[in-house]
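Okay, so subunit A shows up in both of these, paired with subunit B first and subunit C after.
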Partner chain A sequence: MRLHSNPWLRTAYARLWVRAKSIYGEPLWVAVNVGFPFFTSFSFTMVYRAYGLGSYAGFAILGGVMISFWGNVLWSMASQFNWDKQVGLFEIYITSPAPITAILVGMSLGGILGTAPSAAMVAILGWIIFAPPIHPFWPAVVLVFSLTLASLYAMGMALSSLYLAYGREADSVNEALHEPVSLISGVYFPSVGQGISPFPFAVQAAASIIPLTIGMDALRQSLGFPIPIPFIPLYTEALILALMAVILLFSSSRALRFLENKGRRTGSIAVRQR
Partner chain B sequence: MSILRSIVASVRVGWYREFNWTNPFLGFSMRTVGPLAGVIAASSVYYVGASGAGKFNPSQLAFILIGAALYAHVAAYSWVPTLAIAEGKWTYVFPQVYISPHSSLPYLTGRTLASFASSTLTVIVSLVLSFYVLSSIFHTSIPFVVTPLSVSLLFLAMLVNIFAALGLGLLLSAYALFATKFEWALPTYVAGLLMVFSEALFPVSFLPHPVSDVANVLPFTEFMRASRQAMIQGGDVYSYFSYLGLAVLGGIILLALGFLAFRYAENRARRLGVIDKKTA
Partner chain C sequence: MLDQRLNDAPKVREDQPGLRNVMNRIDTEITVQVDGLRREFDSKEGKVTALDGVNLQVRKGEIFGVLGPNGAGKTTMIRILSTLLLPTSGKAGVMGFDVEKEPEKIRAVINMASGAERAGYDFISARGNLWFFSQLYGIPSEEAHKRINELSDMLGLQSYLDRKFYALSTGYKQRVTLVRAFINDPKVVFLDEPTIGLDVMTALSIREYILKQAKEHGRTILIATHNMAEVDAICNRVAIIDKGKILACDTPAALKRSLGAPSLVLEVSPPPAPGSLEPLGKLDGVKGYTSSVDEERGLSRIQVVVDGDGAAQSVIDSVRKSGMTVVSNWRQQATLEEVFVALVGRGFREREHEAA
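The block that comes next holds the complex of A and B.
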């Protein structure tokens, strides 16, 4: 199938290109974006080294890598349609023949491509500075990493439909979601797993419905980090992540359709500042 | 008097900006949940690492808890001047503020003070809640000193730190006047730097020389140390006031630098015609 003959692929490619270009067209963005994840991960690595187990340093470095993607999902996926609406782009999306799912998928792929350099820099710098002990099984790492990103960005798509209904609340909701989700997902420490998680089982169970929690645990297992008892076996986690991605993708498409129809009926689809 | 009136009006604008999108209780709760989660996350990292090594010490947990909470406090309000300019350019507020007489500095000061007040409340609530949550889930007793005197000394340290935070905010604002690309990302970069260099989570002596020497004299580091002397068992009044004095001195120097940089940047931005420039 040729790219230019398929409107869905053309739309996804166009949206991907715009997003990737916005990062790669200004390489300084990589240096700017790497700042917060790197320094946060550096601080937590120092906490592990200063107070206890230097061998856990890898938890914090992996956290720095994944927090880049989580930040991208929140700020550049979830609230993107809301911002697009504020500047009048969303009306163009709706009135054009471009499939909205293609726009979302293109935006996700562009976001992954755009975030990859800063995430890679956190990983490389962390590995050079702290040399955490890892015993990775690379095929599993690649599989789990891809599935984690797929489910995480599918969650971003689902949130984007939700945020479309909001006005200025979207920014505050983002700010309120960022840290708590990082906390219970165990971005910088294992939040699930017997003998290592500081949280009670009820919190661990609740945290498991977030793709990032399962993804982080699976990544820690596949990288061979020192975890006494795995929360869920690695390949079961991979299966759960794949299921989450499919369900969230489907839900986001349905939710967007619902909000679009509602917006048309109530006349709020083009309302900008609220 | 007119400057004071401008500052008070800007404080009101700041609160309006922060809370008018919803009811005050929801707005306040949503601003608290982030710092609270940040404090619990930092403490959990410590707990996992130290417990795994069999070296868990409640005093160190108290050290991290105070540092994480106060770091979130400083990071929350020191970037407000930059936000006020960056957002103000897009909403046409900042050019309007600029063309009224002598108002940009009082405006930025007022916005910072508004955010300081709301962030002080959120950090106190975060500290109290995280104290109870962490005591419960870690099954430990965190050695805080909670008396009217210790809490007053903590407030005094937070007030003193306004000098340094406003100075840092003005330095970033000097850049934000010209910036059309990175002004939104810069404060998070600086927040990350603060986490490493202000002794928020670990003693700066763990950093390599000469980085540790620089971090050792930063007013934010002295503020953290003074706050810990006030709130953690074993602190003493002499050390508290020594650290507070250094925080004042460093804060005044940073504020003077920020003020000069902002004045210079403002004059230059006017000459170059970029006060209302939004895109490159």
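The block that comes next holds the complex of A and C.
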């Protein structure tokens, strides 16, 4: 069978295309996607400089890059099915023979493709303007960056089923999650690691169940940022990220199957369009 | 592929004795079959019965209407048949497949659309949206674009295909929905109020499109609607449903003929006070009545289903006795609403108010 005639691949590709096209379809969004993370990075870098910690500029720039993906996961992955349900798209998915996992994977890849240019722009601008000291080991950077995105988007898939079940207030839940998760997972400063994290060990341990926390720490290590004592060794973090991705992928697929069956029993798949 | 599936059907059915009685898969003419279908929902007030032992059969190539007031159970039936909802009890099958046990097989041969839906991605063109929906069925892109063009031509959508979805008017979004409903060359299509909220001309073009789809492609189309003109115009057969029960099922013409005498229409002023029409229901020869307000003319219209001239005169006398002036009255050929009135005693509007 030719790959392009495989229905799973067709569905995933089509969903990827819709997601990426939607992101680039509105020029204002592209500007906002680049602007907001960059200005926040800029502010944090200024604060680091004001306290004589200019070498920490890389933390803020990396934060600006990764916050773009985190925002995409939260606003465009986790709450997507709930939004789809409100406008009648989810019932179209369910009544079609399309595999729901293909839709999720397509949505994730489209989100990554759509967010990557803005994230790259933040990285390039930050590197040109602030020139943070880095000593990267590129194979490790590529590996942990890929694993971080995989586990982050797998978490988005798992959250999408939760939002579908309990997501009447999806926007409020997103608002409530966005800043606290950014804070404890250490987007703009290391939130884990002895001698550098402002949080007690218990908070660091709790924060580690969020893929973003471990991913950010692994990226800091692989980029050679100034970290006194690593929280967890780099390749152990890579392994944890890989495990998280697999577990979250598996659980999101199971959760969606469960919710579909429950929805058919209770009548909660579709919203009456009146 | 489907024929192969139908040929294989008896083997599949051996382990499903419950469905065997419901669906004769060897008789390929029957595409939708429902037997003793019941669906209850939990609510704060307790169990609500949306469908109460519904039986029906729809044949290949037939446009079958399910006509009833809002809340009668039409959408619930469509959702069960399109695999979005499970029955509480009873059986339902589409193209020989059981909705409960074989939803994946049904999904490959059906499509569904609601006239009220506006499902699409705003920043993608109508064409892009339709291509995306076609991919959910694994249709090769070239074939998908061919179908999009053909179906759009029939609905006058062609010159709007490259507009972004958000920029389309309600009518054109609805046309996109109807192109989507046929994009996968489905054997059976479920349409829920396909022309709701549309102007007369758009509704007419959509009805023509639906007729063509059934006649030229032999598709079975099941339409849930409360629009009697629509049922009259395009349905081969209609089931009248109220409170989850099918009250009658036949061709629109046969149902209207079954009333016998023409119905009586009165225009009265002032509007009837609440409860003032109730004595009509007790008159001999009166099968039911319904009333509406003609706001432009400031008159109320009362339609009464009577079994003859004697009953008609009694109705006029009774209305006059209750203090209303009969501005005009005439007899008219029965409509499907009057069939409903004769079966239930009240009209769609009264039923919807009762339900509310």
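Criterion: the second predicted complex is superposed on the first by the 261 of 274 C-alpha atoms of A that agree within 3 Å, B and C clash if a C-alpha of one lies under 4 Å from a C-alpha of the other, contacts with A are read in each partner's own complex, and residues count from 1 in each chain.
The rule is simple: a contact is a pair of C-beta atoms (placed from the backbone, for glycine too) under 8 Å apart; a residue touches a chain by one contact, two chains touch by 3 or more.
Note that the structure is a prediction, hence the values are computed from the model and not measured.
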| item | value |
| --- | --- |
| Touched partner set for A:Arg257, first subunit B, second subunit C, both or neither | neither |
| When both partners are placed on the shared chain, which of subunit B and subunit C touches more of subunit A | B |
| Partner chain in contact with A:Pro198 - subunit B first, subunit C second, else both or neither | first |
| Contacts of A:Glu26 with subunit B and subunit C, given as first, second, both or neither | both |
| Which superposed partner A:Tyr48 touches (first subunit B, second subunit C, both, neither) | first |
| Subunit B versus subunit C as contact partner of A:Ala98, first or second or both or neither | second |
| First, second, both or neither for A:Gly88, with subunit B first and subunit C second | second |
| Partner chain in contact with A:Tyr56 - subunit B first, subunit C second, else both or neither | first |
| Doubly contacted residues of subunit A, that is, touched by subunit B and again by subunit C | 26 |
| Subunit A to subunit B touching residues, read off their complex | 26, 28-29, 32-33, 35-40, 42-44, 46-53, 56, 59-60, 167-169, 172-173, 175-176, 178-180, 182-183, 187-191, 196, 198-200 |
| Parts of subunit A lying in touch with subunit C, wherever the complex brings them together | 4-7, 10-11, 13-15, 17-18, 21-22, 25-26, 87-89, 91-98, 263-267, 269-270, 272-274 |
| Touching residues (chain side subunit C, partner subunit A) in the complex | 41-42, 75, 79, 82-86, 103-104, 107-108, 110-112, 114, 116-124, 128, 131-133, 135-140, 164, 180, 184 |
| Residues of subunit B that touch subunit A when the two form their complex | 21-22, 27, 30-31, 33-38, 40-42, 44-53, 55, 57, 60, 64, 137-138, 181-182, 185-186, 188-189, 191-193, 195-196, 200-203, 206-207 |
